[in-house]
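Across the two complexes that follow, chain A remains constant while its partner is chain B and subsequently chain C.
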Partner chain A sequence: MNARAAIAPAAARNPVNGARRGWRAALRDEWRMASLTVKLSALLLLLFYLFAAASPVIAPYNPARQWRELPDCAPMRPHLAPPSEWRRGFIYAFPMRLDNPLARHYVEDHSRRTFVRFFDRGHLFTTAPGAPPFFLMGSEGLGRDLFSRIVYGARVSMCIGLVGVAISFSLGIMVGAFSGMAGGLTDSAIMRVCEIEMSLPSFYFLLALAAVIPSGLGTTATFFMIVAIMAFISWAGFARVIRGMAASVRSAPYVEAARALGGSRRRLLFRHIIPAVMGFAAVSASLSIPGYILGESALSLLGLGIQEPAASWGNLLSQAMDPQTIAYFPWVLAPGLFISATVMAFNFLGDHLRDRFDPANSG
Partner chain B sequence: MLKFLLRRILIMIPLIIGITFISFAAMSLIPGNFVANLALDPKISPQVLKQMEAEFGLDQPLLLRYARWLWGIAHLRLGVSLAYRVEVAHLIGPRVLNTVILALSSMALSWALAIPIGIIVAVRQNSILDRTLSFLAFLGMSVPAFFLAFLAIDFALWSGWFPIGQTLSPDYATLDFWSRIADRVDHLILPVLVLGLAGVASLMRLMRSQILEIKNADYVRTARAKGLSETAVFYKHVLRNALNPFVTMAGYSLADLLGGAALVESVMNLQGLGLLLLNAVLKRDVPLVMGSVLMGAVLLLVGNLLADLALIAVDPRVDFATLEAQ
Partner chain C sequence: MAAGLVAAAIAGCRVNRPPNDHAAAQTLYDATVSDPGTFNPLLVTDAASGGAIGDLFESLARLNPRTTLFEPGLAASWEFSDGGKTLTFHLRRGVKWSDGAPFTARDVLFTMRVIYDPKIPNSSVSAMLIDGQPIAVSAPDDYTVVARLPRTFAPILSSLQFSILPAHALEAAYAAGRFNRVWGIDTPPDRLVALGPFLMTRYVPAQLLAYRRNPNFWMRDGHGGRLPRLKGETHLIVPDQNAQYLQFKSGMTDVYGPRPEEVWPLEQAARRLNITVRKVGIDTGSLFFAFNRNPRHYVRRGVTDPRYKWFTDVNFMRALAHAVDKRGMIDLCYRGLAVPAVSDVSPENKIYHNPNLKDYAYDLKLAARILDQAGYRMIRPGVRGDPRGNPLVFNLTTNAGVPVRNQMCAIFKQDLQKLGITVNYRPLDFITLVKALESSFDWDCVLIGFTGGIEPNDASDFLRSSGNLHIWNPAQVKPATAWEAQIDHLMDAGTMALDPYQRAPYYWQIQQILHDQLPIIETVRAVTYVAYRNTLENYNPTVWGLYRPEWIEFRAE
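Moving on to the complex of A and B:
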């Protein structure tokens, strides 16, 4: 939510009497003004960030735990327990029994029930240690709980946008603002470099660079390699836009005044030019987050990104690369729904922020 | 005109050197190479590996290898693929054709859908139709092309109407001319639907905002004031100007299309540049990777150049001088 935080100061004054308000009040007003879709998007993102921050609590099981006897098991239907059994749990499901191991065909075993227990042993919901598992979204080929893996996968997908934007944002804003302020030969040289960067066939380039990531690297290191590669590809477009704004701010009266008063270059850059382009930069940063999420998913999907056994929404989806899997076990597509929902929420939110804070671009 | 073309083509050279050098360095800096992958196979003796390494020139320094590769390119030789032991050009040629056909037909589909829908929506601004379609466009923008591809495969499996995977049928070589075209189209429908639909939403939004902006321009009011019919105003003034950014977009969206095509090819298992590149990257087949990256870059740069030329043809306000000044 860095975009929101960066913007809050801009709205921190009461437009009527100019009195300063706290950022809480500003945020409350923003919330009141937002449309229903924007509110829902914000709540959805909040939920997914909660997934990422508290995955051990929200995931019912350890994402690496394998139930070898239950591979490719379908999602289980939860049933409401009758009040007489509420001491054992409110929700129960029938355990699945592998009927035909070759076709991975399951039948519900109605002779037994497995009770879902809430707030048990540090999990939001889980089943008793010895009891059969409850697969909310089914299990994958090795019998691991898909929902738990999705919750852990949120860590990668939800963070990659923020980290990537933070890198390309700071790089782009520094280069762009400097270039716009400097003008002349420096400016055009920097802009040529940016144009070269922008005309790269980005996905081909991304594929070729992703080969750099050694396969033995840990998940965290791989994560940062991916972010670095994508930020390296995408900072230039950002720098160009910032440069355009900085160039127009450069001759604004207040910057001229600061220069006439003897303000140093650095002071002009940090006190006047960068703050002036900040609002716009924050908006376009929030609009570029989905690109990172999609990029990581695509790489992991193709087996070049986050590697097993670690989970990311992209590599969970790579199971679906086999048409047979999609046909018989359609629930493996669930991570794709999570990716789509996240991207959609970021799009709605970014669009709203643009309407609110970027008067130049109200289209 | 000639000077402009010459300049643009000359600018491409350092660009291509930059792109290929970075990719080359990236491929070479990582520990391990094509031969090292083979070393995992106990059936291949160390002597053979050494010999292969020398044959492929993998024991030489990076800059020398790059210079050699560049020298080959200057003579229009892409080199020999390490994995397939075939000229890279033979491997890439048909794939480039497939990818270009896929990208261009998807572009045609998304334009054919996005422009009319964008117009209808803009003409009925704020109607229920506009709101519904704009909302759907937002949903459409958010569904990644690869996810759509999965759904398409699911649909094909369920309905049985479309072939899954592959760009051509196995018996393609035995078919006559018209059956060949029919075969290609049959295999193309699903990927084009996926890629084309993925692009519709953002183009439609662009068309809508363009028309809304131009509808209130001074020259449109003037055209109305001098008594032009509403149809003439719309087609000659509003629509023509609204389409200009699409011409520029065509060049730049080629990058997205090639990238999207690469992903969709990999997911749907189509014989295109993207899948070839992916496999080459995984096998560390340097000449093949470099050839694919080079082809991607050339396609993109030529696409941008063509788009600029088209813009000059369409928009009288733009000429060679203004494009150079940018």
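Moving on to the complex of A and C:
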């Protein structure tokens, strides 16, 4: 995508590395220079994107499957099987039995064992079809496996940022760069429109728009509507910054030269002005992804985002809204940990990218 | 790890309670969810306003929630004559309004006149029109009111359950056409002229409503002692139920209606908190899946949507009724503290509830067989179609922000998925939902709850085909189906006899018809609980309200 295309040449041209080299080598150098935090962040994000890409494999169960006899079940403890049992499996757990339905209190049933099967029926790990389930992170209120739901929820929560950034940034760059290059009345007009857009109270605007999504839409369509709404709210601010950069680049000697040589408007825009602002755009993109993840969480928390039975980290976390639930079933907070980890990872990565590519630091 | 710490912090939290002075001051504290919208008893449309002024005003007769019979209120006695067509009330003497003026028949006549005024939008009037005709009232003297009915009308006492207004205080405003604006929430509480057990002293928006005992209240206990026994009441306004729960636990309020998941922790802490947790009974309302049968929704440009055929096909609906996992809903959404609902009338309504209905058992195999036999066969794996080959897909909604309903919809959706029926589920915020149900009719299936009362005729707007709350096809000009016509007829017949036991069979039959035709599929009814401080005496909640609330007091310590 745009962002990567921009990072690679920028990295290749970096004065620290000297000569122009392939992007693989550049990436290797970047990795060597990054701090441990940045490396961990990158690995974590890779893992979560793997969750999203390969959720049917990584998730042990169908995320919508309800074990109605096991609501709010605690995470099950995996046990290592003794060597004599290795032909049945290496890891087992004791099935849980609802002891007190009112308190949702469970006891482990030590008379039976559920063996975890690895690489079985297309899952990384799962249990036999008729056997009791193995809840790695517990179950939620309807007896659905929380871990499977988190893995599937990554599809929504990890992609929402990328899709949103793709929309808002392509819009922002195009509008901003064009406006900055054009100058004059066109520039003023476009910027006033952006300011009007920015002055809308974004969260309430989002609430209002989410309420008018037609009810017949499926989950995927709803998802894209939400992303599109969020992206259309956030492009204006970005366009203003890009416009400022473009306006200053416009009078730079190399642009003047290109213009003097008879370069067309389009050529000026795509060959000179947009590449000049790309570095900033890439940094800014990585820093704005968390905003989308949190925005979706907020909407889902209010029941306006992704709807049952589809999972997103935001709507999974909405169960943790009352102190009662947190006190007795603390594992419902797990999606929150995934959200914070992702947001932090993106912030560390974005900070790092800024330090590396911000023209002000390139000295 | 972090989650564990947070949980430990919350679970291990012991609030150091300041000793409260509720008992010493004989003031009962409880919590309410929202601010009132008006202090004008005739204009009340929401529960919050009703609760705010409920103790300020009285009606002619009072309902005893234990016996579910009417007892004397502002009317000391009454008698029927002329075959039930004339009702004479003998008003209580010596009752005074809070400004010292006596309560007389003039107040009753004034209130009736306001209710029947078409310019005053009020919810009492629909119950007081009998076959569209008003009740004629007259007052031969200051303490006698005679009501003449167009015909015998059994629910008349229930219809006359409106709050009596002070004529001397409001007549001038009414004559000037300002009635709709008097006694808004900006009225200083001491300007509200009342005669109930309590008088309002303070209203702080978003914080509290405070009341003091009415020293002139007419009721006395058996020993001639003055009632009410409490010296005051305070309703704290707390929008968040979690906050209400914590406030009760910390001693800021004295009574609390716990949600199912709070019952067990409260029972565990009962001794430490010195509280009692008591089962009150089965919810009196009804929570059901309704299916839209309104042709206005389905016929577009002469083409009828296939969903109209499905939802009016009794076999399709029977299959769906067998796919509602009530046991699962009870265990998952109510922690087991609920019972399956079979009829729209709660079993707590001992006389009018039909106990002979046989529930549709949860049986997906049977549901699939019924669908197959009715021509709804699988058209591809996981997708069932109607006899014309249209895949079975419909929308399901409910009001957003209610976790229990959200879960019930998820359960229903999952089970229908197993039958090959796709349900698009999306909750709507309450205003949007009401608009869809009442004006745009743009909905397929909704999970919705109605409150219920003792008098079965109160459900008239829901049961009659002409009613605005006849949710599956409201405000029909003439009944769309034979069974709806029969319900209309039974509703008329049920009001003709005066004796409840003679009336009951008509309403039992209505429940049977709804059960057979399935315009709605009943789900479950919560078993309600209440928790209150052990220092409270004579606190007797029932599903129909508090029994003898005037007797409540704090035990002297």
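Following the convention adopted for this analysis, the second predicted complex is superposed on the first by the 344 of 363 C-alpha atoms of A that agree within 3 Å, B and C clash if a C-alpha of one lies under 4 Å from a C-alpha of the other, contacts with A are read in each partner's own complex, and residues count from 1 in each chain.
We adopt the following convention: a contact is a pair of C-beta atoms (placed from the backbone, for glycine too) under 8 Å apart; a residue touches a chain by one contact, two chains touch by 3 or more.
The structure displayed is predicted, hence computed values, not measured ones.
Colleague: Following the overlay on chain A, give me a clash-or-fit verdict for chain B and chain C.
Modeller: On the shared chain A, the partners clash.
Colleague: A:141 in the overlay: touching chain B, chain C, both, or neither? Say first, second, both or neither.
Modeller: The second partner, chain C, only.
Colleague: Is A:204 touching anything from chain B or chain C once the two structures are fitted on A? First, second, both or neither.
Modeller: Touch status of A:204: first partner only.
Colleague: Please work out whether A:103 is in contact with chain B alone, chain C alone, both, or neither, and reply first, second, both or neither.
Modeller: In the superposition, A:103 contacts chain C only.
Colleague: For A:297 in the superposed arrangement: first (chain B), second (chain C), both or neither?
Modeller: It touches chain B, and chain C stays clear.
Colleague: Now for A:347: first (chain B), second (chain C), both, or neither, which partner does it touch?
Modeller: A:347 sits against chain B, while chain C stays out of touch.
Colleague: Considering only the touch criterion stated at the top, classify A:86 as touching first (chain B), second (chain C), both, or neither.
Modeller: Touch partners of A:86: none, neither chain B nor chain C.
Colleague: Touch check for A:118: first (chain B), second (chain C), both, or neither?
Modeller: Neither partner.
Colleague: Would you sort A:317 into first (chain B), second (chain C), both or neither based on which partner it touches?
Modeller: The answer is first: A:317 touches chain B but not chain C.
Colleague: Given the touch rule stated above, what does A:327 touch, chain B (first), chain C (second), both, or neither?
Modeller: Both partners.
Colleague: From the options 22-30, 40-48 or 58-66, pick the one stretch of chain B whose C-alpha atoms clash with chain C.
Modeller: Clashes occur only in 40-48.
Colleague: Based on the A-chain superposition described above, do chain B and chain C contact any of the same residues on chain A, and if so which?
Modeller: Touching chain B in the first complex and chain C in the second, residues 211, 302-304, 321, 323, 326-327, 330, 333, 336 of chain A appear in both lists.
Colleague: Taking the complex as given, what residues does chain A use to touch chain C?
Modeller: The contact residues of chain A facing chain C are 64, 66, 68-69, 71, 100-104, 141-143, 211, 213, 215-218, 222, 302-304, 307-309, 319, 321-328, 330-331, 333-334, 336-337.
Colleague: Report the residues of chain C in contact with chain A in the complex, numbered from low to high.
Modeller: 2-4, 6-7, 10-11, 241-242, 245-246, 261-265, 325, 328, 331-332, 335-337, 395, 397, 400-401, 403, 406-407, 409-411, 413-414, 417, 424-429, 432, 443
Colleague: Per the contact definition, I'd like the list of chain A residues that touch chain B in the complex.
Modeller: Answer in residue numbers: 37, 196, 199-212, 214, 290, 294, 297-298, 301-304, 317, 320-321, 323, 326-327, 330, 333, 336, 339-341, 343-344, 347-348, 351, 363.
Colleague: Enumerate the contact residues on chain B facing chain A in the complex.
Modeller: It comes out as residues 14-15, 18-19, 22-23, 26-27, 29-32, 135, 138-139, 141-144, 146-147, 150-151, 153-154, 157-158, 164-165, 209, 212-213, 255, 258-260, 262-263, 266-267, 273-274, 277-278, 281-282, 284, 289, 292-293, 296-297, 299-301, 304.
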